[in-house]
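Letters A, B, C, D and E mark the chains as written, and numbering starts fresh at 1 in each.
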Amino acid sequence: MTTHLPLLDIRNLTKSYGAVKAVNDVSLHIDRGEIAGLIGPNGSGKSTFFDCSTGLARPDTGTVVLDGQDITGWSLNRIAREGRMLRSFQKTVTFRSLDVEENLIIAGQMFTFPSILSTFSIGKLSRQRIAGLRERARELIRMAGLWDVRHQPAGNLSGGQQKLIQFASMLMPEPKLILLDEPMAGINPKIIERVVETILYANKSLGVSFLVIEHNIDVVTSICRRVIVLDQGQKLAEGLPQDIIQDQRVREAYLGG
Amino acid sequence: MSLTQTSERARRRDYRIPLGILLFSVALAAPFIGSRYVVHALIIALVFMLPAHGLNLLVGYTGLLSLAQAAFFGIGAYTAGLLAIGYGTPFYVNAVVAGLAAGAVALPLGVPALRLRSTSFVMCTLGFVIIGQAIAKNWISVTRGDMGLSGIPKPYFELGPLSFTVGGTTGFYYLALAIGILATLAVFAVVRSPAGRNMVAIRENETLAESLGVPTWHYKLIVFMLSAVFAGVGGSLYAHYLTVVSPLTFQMYYSTTMLIIVLGGGAGMISGTIFGSLLFVGLTEALRITPELRMIAYGLCLLVLVFWFKQGFAPVINRVWNAIGGAK
Amino acid sequence: MAAETNLSIAGLRAGYGNLDILNGVDLDVPAGQFVALMGPNGAGKSTLLKTLYGMTTIKGGSINWRGKDIAGYRSRAILGEGISFVPQGRCNFPVMTVDENLQMAAYTIRDEKVKGERDYVYDLFPILKKRRTTLAGNMSGGEQQLLEVAMAVLQRPKVLLVDEPSVGLSPAAIGIVFDELLRLHASGQTILLVEQNTKKAMEVAERAVILRLGKVIWDGRPADITHDELGELFLTGKMRGEAEAPH
Amino acid sequence: MVSTLIEQIVNGIVTGSVYAIVAVGMTMIFGVLRAINFAHGEYYMLGTFGAWFAIDYLGLSYEASIVVGILSTIVIAYVVGQLVMRRMVGAPAESGVLATLGIALVLQNTVILVFGGGYKFFSGGYIEPVSILGFSLAEQRVLILVVCLLVFIGLELMVTHSRMGKAMRAVSQNVECCEVVGIDVPQVVLRTFILGAALAALSGVLTAPVNVSVYGGMGELITFKTLPIIIMGGLGNVRGTFFAAMILGIAESLVATYVGLQYRDTVGFATLILMLMWRPHGLFSTQARF
Amino acid sequence: DEAPIKLGIVAPMSGPNARYGAFSMHGAELAVKEINDAGGVNGHKIELYNADSQGTPVEGVSATRRLIDQDEVDFVIGDVSSSVTLAMQPVAEDAGVLLLNAASSNPKITYGAGVGGFKWTYRNYPTDENRAYVVAKYAAEERGFTKFAVLSVDSDYGRSAIEFTKKYLPEFKGEILSEDYYKEGEVDFRSVLAKIRDGGAQAIIMYGLADTTPIIARQMVELGLAGKVTLVGNGEFNTEKTIASAPTALEGAVEAAAWLPAWDSPESKAFVEKFTTTYNEAPNNHAYVHWDTVNLLAAAVREAGSVEREAVRDALSKIKYKSPVGEVTFDDHNQARLPMILLQIEDGKPSIKGAFTADIQYPAN
């Protein structure tokens, strides 16, 4: 490993549910400015790994260190807000009765306002901050091709459109690290291209690092510099995408023949 | 109020400001138009509007269905009553202390209760009302038990050299109206603030909000306390108006009345709560024409409401508002 | 006529409440055909399947199924007609075990053979067998997706409506699911498949139908359209030349 | 001392049985509708009134009055179910609250209108005390205990094994998916609702002989008693409801003995709150991950 | 025809407390009917208006306001619940309408009335103090009880009666072994009764609700307390139905009541009969006191020779009204000096042991 500190450093993470060891002693690190992929067969523990790293679930053992700070045991919102590490969910979730714009503004709010108390203000500063967020939200809405439906309640949108809202939400603040859980699932191929562009843009220009779970191998190979493969909760392989897809064990477990 | 028009809206006729002025004038002139009984009913509506505003923040905006409003209402009523009887303090002191006391009690109650979700939370809050009543009945040295507090004096003000007592129904009406307007503006500010948006996010999907960095737990606690403050101030008005506070104040009747006002009026809308308190207090009074059928009719009205106005009256109000406001 | 038309949609207009999403869809599906429905996000593909399954408000047009107009039928009745549906997104009973979920799938089938079918499904998706006593809601996203496909397979329908079965599946699992669809197709089932995984869909389907803004804009054999053309169709339907990626 | 304790526990179990029968209906209705049925106690009241009417006006025996009480409640529940409950499928929780509060008002006050607001005496039943294990109990209470056990065994079997039971659980978990697999949701809701109401009525007619006094407002108190139970038991959970009812019954008994009767209701909720602190989703509930 | 006398009644008529309001309404209705059938009061017919209080102060005040402002009544009778009555007091006072209370027992109502402040409130209902004294004295002196257990309703009525009992009990060397209060609607007393049984009390002091007495009595039988521990206090121990519900438990019970159906006076007997034929059920105490209070009002109007509120009020203060149980007068707190009837259940029948009237000691203010 290199001398400089990785952005996210997870050591020996384990999580079991009853007899099922969903994540079994997995260590993983993400470097600053990196886009890494996390792949593996269904039920191999990828989402659980996310849950444990972001505070949604409590790992049985293991430590999560973000930017030199031990964040193990922090709550979901604290990791997001203070750690500036965001995650998306595999399941399509949105604020259903709020329109697309509001959905995105909410995603940005806690990163714009310095404290809980300041969010109760309706003063000028507060309104300016919100106006700024709205601007940014509109940009992202255009990117996701949701301009025509931006004033529709998110719950009334199609599955793919809701998935796009989730993705756009991740980019509302400028976090250090985004964990994406299958961002491309159910997205049409043309928009996938744009999502990929957006990820690359955010990575290059804004310096956001990514860890992406994705079953779309083309996407994984095109954006990730490094791919980690999980199988039955354990790390099966790690390396360059082109090496990984050639790996016999990965082919058997994941790609199917 | 921030009813600033944009040029977009100004294109069509905007009747909202004239309507607002009209409604406000009617509210001001009410004691001269209606009989004392009508004014009394308006006072009751205003008294219930306060805890209903608080409840609306909780149910309508944050998505926490609570039955504890009666408990905080009762705490406010007792606090104000005890202060007024024991120390003869001015009304504003009683009202503020009542609100603060209710809010302060809400903190330790909210901490455990807000760990619960949906129905479990509802039951927990129902428990607060029942336990509140038991305390009011049995903590005799303070609450005087079942005897309750009676003969609570009329609201008394001391503003510098000026001091006066608000006597009579009309005077009390203006007092309640002033407090009602203040409370409405306060709620308005809260829901229009970014915090209001976060509250709605919690209502829509708590885990998602949390994952976007919203400290849902803190917000829920703050809103729970805030709603208690509103209920407490409402309780102080109640105590001064009815002059009697007894353990009966901790009664499901009050919680359900407030809930009906909020849900029936239209949860998640300020105008809904205002409309709801007028509507439902008005309805219970109007139905006095048939004492025997009164509660049956009231129950049927609730059913009609549920099936004809699924979201309460909020959408109707919205439509009217938009129509007169000239918005698309 | 080559094949007897058995599902015939004409001038179908449908949506949610007052909102119209489908603006006159015409589609004839001969018995035993494997049709892939594609289109940009929000085109109305899911709405079309839901409409066929009686889950939206129909405003006009007809859905003719073997000589019967089933527009306006309730879902149960449509299921009774031999049409099954795998909706988009999660659709299982989260606090029932995998086993119980499969039992529920066969709720309307009062038949002992179902037990045998379940074994078949377990053989098909060994991961489900491994998880048979796990609560469905606790499984991984992909596992749940497999379960949902399995549930529809169990119903042994004449027409299978599947909405994005590949979502969340590993490449290996996608292979299994599509092989199964092909097997069902071979055994004579009519299949209407909605897919965003256009590559895969074009591989297996006999016919591609492209939807945009609630209308069919292209209908033909997959071999007659290239991926780039397909992408162009999606794009022109969606972009209207105004929106750009943020740069 | 020990014998007092045991006696109080026995008392608690008897009380718990009454709660259990009412609560299990409510929890099943909650299961399918996701709505707290604030009118549930009213069916308890209707059953009691039906039986009282059968004895006082029709001159029937207590046994026959049980049937009349339950049947009349079923008829009313059918009407309410058709007109109201069926339509609540998929409605937001708030509509459920308003609708059931409305139903409670209508039922309660209609009974008051028809039969008068005063209290009546229920004269049927087996009220002679018998001695069991050295404790004296009215025969009726023994009957209640036995019926309670039978009801729960039956329901447990029904919920886990019958088609209807499975459909009920399915409806409680995912209404849309029920449509997809062909479950007739409104039908299931209606049947569950009628079953729940009938169970409440059963509890009413069984307890009427020992509770003696019959009046229009009696249901409200029962509703509030059952609420903490269904939460403790885990909403929609039959077995959990049984144990929760027993726990509450025993806790109430002990509190009434060792602390004071006036704290009895309070302690029901206090137990609930304490327990929820420990297990936020109820004693026996199962939760799926986010 | 003269202008009618407008009389309003505030009572709980819906909800759980309707069971008390129903009897009150019937009692008053019957009295009005009797009076009107007999040609009215000095030629004035009585017009009855009723308004529902639901047993809550807010609704009670609204009801009163409506009666006064909308129906323009001159006289109001109400409410059963003390908290409601207390809230109605200032409303009646403001409007100068006569408020006759017929059924709530909170001592504060009269502490604050008459010379206490509210000139327009009168109460035609015995105080708990008098009642508690009479019962305690009889139980100790005549029955020789010294060990008592308390089991009363958890309301101002039950609580204040026990407060007064505690004040007088030491005088008679009685002691209280345990103290429990039950909530309205409670149906399970087995735990408490078992405790009382094991505690060795000779009598249970019970100021309870009429409809709860049979429940307690039956559970006393169940637990083997019947015949061993005696009920003393108040709660309609003496009606036929209550006794029939558990004869062995009620044998020997001692009750102090404002009235009882078995009271041996022609007016009272006639009332019971008429009530029973009209409403198909026997009257209870609430029915009687409301019937009696309407008659009292009629008597005051007759006395005043006018329907003017002030005149009637002044007449009431000076009245010597002959009620079926004895002569009624009002003291300077506008509290009726009422005879309290003491009875004991013997061989399944109430046997009257006397009627006692006592003055009330008002707290120095």
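In this section, a residue touches a chain if its C-beta (ideal position, glycine included) is under 8 Å from a C-beta of that chain, and two chains touch if they have at least 3 such contacts.
In UniProt terms the chains read A, C = ABC transporter ATP-binding protein; B, D = Branched-chain amino acid ABC transporter permease.
This is a predicted model, so every value here is computed, not measured.
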Chain separated most widely from subunit D, comparing mean CA positions: A
Chain whose average C-alpha position is farthest from subunit B's own: C
Comparison of C-D and A-C by number of C-beta pairs in contact, larger one: A-C
Intercentroid distance (Cα basis), subunit E paired with subunit A, Å: 72
Distance from the mean Cα position of subunit B to that of subunit A, given in whole angstrom: 42
For subunit B paired with subunit C, centre-to-centre distance based on mean C-alpha positions, whole Å: 49
Junction residues of subunit A - those touching two or more other chains: 56, 89, 91
Of all residues in subunit E, the ones touching two or more other chains: 13-15, 154, 181
Sites on subunit B at which at least two other chains make contact: 137, 207, 292, 294-295
Of all residues in subunit C, those that touch subunit D in their complex: 53, 55, 75-76, 79-80, 85-87, 91-96, 100, 103-105, 107-108, 135-138, 151, 155
Complex interface listing, subunit A residues touching subunit C: 17, 20, 39-48, 90-92, 139-140, 142-143, 145, 147, 149, 156-161, 164, 182, 185-191, 194, 197-198, 201, 215, 217, 253-257
Contact set on subunit C toward subunit A in their complex: 16, 19, 39-43, 45-47, 88-90, 127, 131, 134, 138-143, 145-146, 164, 167-176, 196, 198, 227, 230-231, 234-235, 238-239, 242-247
Subunit D contact footprint on subunit B (complex, rising order): 59, 65, 112-113, 115-120, 122-124, 126-127, 130-131, 134, 137-138, 207, 252, 256, 259-260, 263-264, 267, 292-296, 298-303, 305-307, 310
Partner subunit B, residues of subunit A touching it in the complex: 54, 56, 75-78, 80-81, 86-87, 89, 93-98, 102, 105-107, 109-111, 113, 116, 119-122, 126, 129-130, 169, 173
